[in-house]
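One chain, chain A, appears in both complexes that follow, with chain B as partner in the first and chain C in the second.
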Partner chain A sequence: LSLGCAALLAPEKMPFKRYVEIGRVALINYGPEFGKLVVITDVIDQNRALVDFPEQERRVVNFKRLALTDFKVDIKRHAPKKDLKKALAEADVLAKFKASSWGQKLAKQVAKSEMTDFDRFKAAVAKAKKSRAVRKVFNNLKKSAK
Partner chain B sequence: MVMQGNFKFHQYQVVGRHLPTAADANPTVYRMKVWAEDDVKAKSKFWYFLRKLRRVKKANGQIISVNEIFERKPTLAKNYGVWVRYQSRTGVHNMYKEYRDVTLNGAVAQMYQEMASRHRVRPASIQIIKTANVEYHSCKRANTKQFHNEKIQFPITHKLSRPSKPEFRTLFKANRPNVAMF
Partner chain C sequence: MAKPAKFIARGITAEGRAKTYKRKGLWAIKKKNGGKFPTHPKKVVPARAEGRAPRFYPADDVPKPLAHKAVHKPTQLRASITPGTVLILLAGRFKGKRVIFLSQLPSGLLLVTGPFKLNGVPARRVNAAYVIATSTKVALPKLDLTPFTDKYFQGEEEKRSKKGESEFFTAADAKKKELSQKYIENQKTLDAAILPALSTDLKGYLSTRFTLKDGDRPHLMKF
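Showing the complex of A and B:
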């Protein structure tokens, strides 16, 4: 089915960086499974993928619910759980995702939502202390600039 | 089963025969695979079709069993071929349609949706002649064949920006949605 336009549609020429492909790691961003990382193990049609992850059932998810990440593991189409686990461990996807800016942002959101009132008090005190220190230096600079 | 989903049409196996008579103590037993919303409608459909094929009707027949048929491998993407006979505004036609799905129930649901949207045919006017799990090399439609690629790769070109829960929806937004995926 290789037509002339196939060369024009090559990934190198496209502005897109993240592709739907077998092994692509994605985050579910809507629905009851919000926040779960999954791996695309097969593409059913243009709207749905078969998705899998260790400790999760293999299931169908619509692409509208998936946010593709930068990470991809090397698995065959419809890989068994054993191979999936091995590939994920080899690529160390979970750790890399947590270290990425996206993962860090998510972790911060989780930490903030789990804050107690005492934590919020401590944060407010620390913020006030920091801004006091900054203002002190700023005022000194302002005075010496006059 | 989590995987099966919520389908309107279910597949039933209905087995029935003519009532035994003095002339024929052991009538031939017929089995039909029928698509219906529930087992009551499945039995009704069974008699409807069997009446057209054999000299037996509900009044002089008996249903031996009705069983729902479930998907064997609901986590495997398959190609389904559906042969359909439908009544349009001007006549009766046959069609062959192909669908990529994970369950046969899902593929049949897609068929009913597509027939309604593309041809304005309501479910009552559709008869499913045959359904089959079609081998990859026997698929006829380019739309199904394009997914028969071990190294399938395509971008999602349009980012869907929506709150993660309906309760987070707001009437007004500070910024226009950013739909870029790159």
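Showing the complex of A and C:
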């Protein structure tokens, strides 16, 4: 391995920031389990990973259904549930993800889809009220700028 | 009543004849009737007096109409519709209006009210099939719904007089149907009881119509 090759593969040079590795926290973004967070505990082949998470069954998921997050936990390959729980609690992954902009966007999407007809009405009323207030100030400014 | 039979598969009972006899309690019926099954004497149809011909012979064989023994039960209400639920009417004059469900009438139709003051929907009957039940519920006070029966809404039938030629042309005779005082009174008392239970938000909500706008996907919307 020449020095030049190693330099090219340096992490700073790579366009990828999130890697598939054991302990990588991922989000399932397709299918019936959409929105669930999982941890990669093993890589089966080039297409599939073994994933696990507390309160979930350990199972195989295709990489095409996974979206990697910024978070990684320090676990061994095929870590038992107990160790996985401990590692996740230490890193406080769930809370950190929920606080991230990705997590917040996801929460907003979920909240919007769960709005009832009454909630939608209240939101529409609030939106109209706000835009009226903004419009008023804007028109005043426009008038005074003339 | 006797306990129902248990089946192993279709047509195969779990019990044989002796056990079934015991379970059905046929021995108890026998015991009550002194060792035998109760029999009823056969109904004797008196024979017509000799020498009398029947009064009427039908010209054609008239087929006997089938007996209508079906008992109509009121429509089974969805679990989502309970007294106080806000419903969205989907058809008729008041389509799109949000109304409050009061009770189900014996005919199966739903008794709803606007309230009239908020959206112009009076105490009215509505078919449950043409309604979306929202998850919004109003805590209704105790209401007196006794004046609102199916008959109350059916209206009085006008006595039909024999139509003569003149009656077709007198437009002056056509009276505008006046709403009887009792309807207005009943509506007022009903609304007066319900309105205090509604918050300002709810009042605004019931005053507006439901519409589909660009980007709305009703199959994905939660009501």
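The definition used in the following text is that the second predicted complex is superposed on the first by the 138 of 146 C-alpha atoms of A that agree within 3 Å, B and C clash if a C-alpha of one lies under 4 Å from a C-alpha of the other, contacts with A are read in each partner's own complex, and residues count from 1 in each chain.
Keep this in mind: a residue touches a chain if its C-beta (ideal position, glycine included) is under 8 Å from a C-beta of that chain, and two chains touch if they have at least 3 such contacts.
These numbers come from a predicted model, not from an experiment.
Once chain A is used to superpose the two complexes, chain B occupies space next to chain C without a clash.
When the shared chain is aligned, chain B comes close enough to touch A:63, but chain C does not.
Shared-chain residue A:55: touches no atom of chain B or chain C. By the document's definition of touching, neither partner reaches A:12: not chain B, not chain C.
After overlaying the two complexes on the shared chain, residue contacts for A:30 are found with chain B alone; chain C is out of touch. The angle formed at chain A by the C-alpha centres of chain B and chain C is 90 degrees to the nearest 10.
Using the contact criterion defined above for the overlaid structures, shared-chain residue A:44 touches chain B, although it does not reach chain C.
Residue by residue along chain A, chain B and chain C are tallied for touches, and B comes out ahead. With chain A used as the common frame, the shortest Cα distance separating chain B from chain C works out to 11 Å. On chain A, the surface touched by chain B in one complex and the surface touched by chain C in the other have no residue in common.
Within the complex, the chain B residues that touch chain A are 2-3, 75-77, 100-102, 146-147, 150-157, 160, 162, 164-165, 181-182. Within the complex formed with chain C, the chain A residues making contact are 113-118, 120-122, 125. Listed in rising order, the residues of chain A touching chain B in the complex are 1, 11, 14-22, 29-30, 34, 42-46, 50, 57-60, 63-64, 66, 68, 76-78. The residues of chain C lying in touch with chain A in their complex are 86, 88, 98, 134-136, 201-202, 204-205, 208, 210, 220-223.
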